[in-house]
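Okay, so chain A shows up in both of these, paired with chain B first and chain C after.
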Partner chain A sequence: SITGACRAIQKLTRVRVVDNSALGNTPYHRPPKCIHVYNKTGVGKVGDKILLAIKGEKKKALIVGHKMPGPTMTPRFDSNNVVLIEDNGNPVGTRIKTPIPYILRQKEGEFSKVLAIARNFV
Partner chain B sequence: YFSSSSHRMSSDGKPATFQPPPKPVIIDRQQQREERRFLSPEFIPPRGRTDPLKFYIERKDMIQRRKVFNIPEFYVGSVLAVTTADPYASEKTNRFVGICIQRGGKGLGATFVLRNVIEDQGVEVCYELYSPRIQAIEVLKLEKRLDDNLMYLRDALPEYSTFDVNMKPVSRLDHEEIPLNKLQVRMKPKPWSKRWERPKYNIKGIKFELPEKKMKEAQKWSQPWLEFDMLREYDTSKIEEKIWKEVSEELKK
Partner chain C sequence: MWRAVAGGRRRLLLRPLSAAAGAALRPEPPPRVAGAVRRGCAAAGGAGALRAAAARFQAADAVLPEFNIDFVVALLRQENAKDICVIQLPPEIKYCNYFIIVSGSSTRHLHAMAHYMLKMYKHRKEESDPHTQIEGKETDDWLCIDFGSIVIHFMLPETREVYELEKLWTLGSYDDQLAQMTPLSLPEDFIFGLPPNSNDHPETRT
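This part shows the complex of A and B:
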């Protein structure tokens, strides 16, 4: 059987890097793509860590919003948004302009630094 | 006291007749208001073979919720501000402003989707009307649009979906008719998420800038026999009357 097209994030989805890091914002002839999702299922939702291939380098990232509709009362974004992250959980960029869902505050321990640089919440 | 009326002599020379003061004109607004009635679409039961008792019980619950919490009248295309209770938000409340693009579901599971563009990022949130997490629904701008479903705003230029988060509610008089916004929206270049030019969506609110050939080709998928299909007919006028009487009586108690 064939799985249908999913608008959450899985291997080979092109993502949009939302923070103001140099890696995410410098133009490159290939868009950043997901190559692995750190999840039991290969499908990444908001709050999951993924491995990104950007500018010929591998970098971990955190999903902050996807096109797939989630549970009611949660926001659905028009693009798959991602924030670049180091292995220990520190964000690479210094500011996040795009709105971030409040659900991320649930795992305050791991993502406290990412939430600290976020400006808008939805 | 000295009355001046007895000394008042008209030009004819006869004594002046008593002129009563003009009667105050009473405009009975009550009657004018009652002419326009609005029944929320989720009260109308869907077509099917379920027991009407189920819908009756659901309506009782919906009315109970409406007595406690005011759900205002709004249509697809009006701008709303919704405050919900959120355990993860600062001050535990979350306010979202957006245009209603779709109203779905019947009964207690009725939902509406609000769309807004914040910082160049389009955000849509689907709220349940009867959810206890909603603390307030405010209608900032009440208006109707040419279509029932504004999902095409996702493929339209972002300026048509941006609304100021701190916008002030637009004031309107009670007995005025709801304004119909005949705005024709300009789209981003194709590809779109759905082929909105096809007749199955029946969209009137887009300014199609496609060549004539494409528009004609889209008409190939039209199904003109659908509107004459008698098995698909669902006349809700009588059901609406009954439900309107029931609901308005219950709400007045």
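This part shows the complex of A and C:
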């Protein structure tokens, strides 16, 4: 069963990979789950890096949208969206179809690459 | 290392500063501009336009030339950047005004270009725009800098082939990589407003 949205993205949350990487799109019998959030609190919001367990491998990822309502006038998504990233910050996939929030631009962090491969903005 | 590589640039920067306040800063000295190879998609002219601009700046009496797109492209040409691609984005895409993609010959070249752009930016813009940082310093093939209305990406040619950013930003929805992505469809039991069925996991949707 799926619980409702409590806190944004923490350990053991199932996430949805939204880029066109092979690792994110090939079907596997287990959904990709977060195993660590690189944050002082263990809760990941938009723009935080997390560690995912996909297909038996560990991969870093960037959160681009979550189900929990954030600050006013920021978009809330129906699924916890995530973009796969290498350890050096380069995105694994080459295109992102789902909308990406604009607030990533004002945040401190390396988001220009993810914004460069995105198609729609929200 | 920095001093040896940037010896010429340091001299270039120090010369106008040591001169009297009346002499405005010029982008680069005209003889070096004439010798360098001209390439790129931007509409800015060659050495003639730069010399004219320099004359205008001298007449403007110590008004710093603005850090805008022509200045950025001139700097990139001075740096021997290959394949300068400047894409002007429509205002509907509220990302930036100009999107620049530049190729470099090696990792050191990319780092040197990026650091030089940042240095010139800090030199020109003192007060209004917030600080910018270079993203991708740990990588060896893709760096980028985001100045408000201009975004510059420094990539190696192989990386550029993989990502094809020019195609994405010029073709928009008609990009071929986007079309090749398997279309995401709603599950059959999707009803707007109700939570999805527990059997439906994202990974089983292909």
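We adopt the following convention: the second predicted complex is superposed on the first by the 113 of 122 C-alpha atoms of A that agree within 3 Å, B and C clash if a C-alpha of one lies under 4 Å from a C-alpha of the other, contacts with A are read in each partner's own complex, and residues count from 1 in each chain.
Everything below uses one rule, namely that a contact is a pair of C-beta atoms (placed from the backbone, for glycine too) under 8 Å apart; a residue touches a chain by one contact, two chains touch by 3 or more.
Everything numeric in this text was worked out from a predicted model, so none of it was measured.
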| item | value |
| --- | --- |
| Contacts of A:P31 with chain B and chain C, given as first, second, both or neither | second |
| Partner chain in contact with A:S79 - chain B first, chain C second, else both or neither | both |
| Touched partner set for A:R105, first chain B, second chain C, both or neither | both |
| Partner chain(s) touched by A:G89 [first = chain B, second = chain C, both, neither] | second |
| First (chain B), second (chain C), both or neither touched by A:K113 | second |
| Which of chain B and chain C A:P69 touches, first, second, both or neither | first |
| Residues of chain A touched, compared between chain B and chain C (which is higher) | C |
| First, second, both or neither for A:V122, with chain B first and chain C second | first |
| Partner chain(s) touched by A:K97 [first = chain B, second = chain C, both, neither] | both |
| On chain A, the residue positions that both chain B and chain C contact, one per complex | 79, 97, 102, 105, 121 |
| Chain B-facing residues of chain A, complex | 65, 69, 72-79, 81, 97-99, 102-106, 120-122 |
| Residues of chain A that touch chain C when the two form their complex | 1-2, 4, 14, 16-17, 20, 25, 27-32, 79, 88-90, 94-95, 97, 102, 105, 110-113, 115-117, 119, 121 |
| Residues of chain B defined as touching chain A within the complex | 84, 86, 88-89, 94, 96, 111, 118-128, 131, 133, 154 |
| In the complex with chain A, residue positions of chain C that touch it | 93-95, 99, 135-136, 138-142, 144-146, 151, 153, 162-165, 168, 172-173, 175, 177-178, 180-182, 184, 195-196, 198, 201-204, 206 |
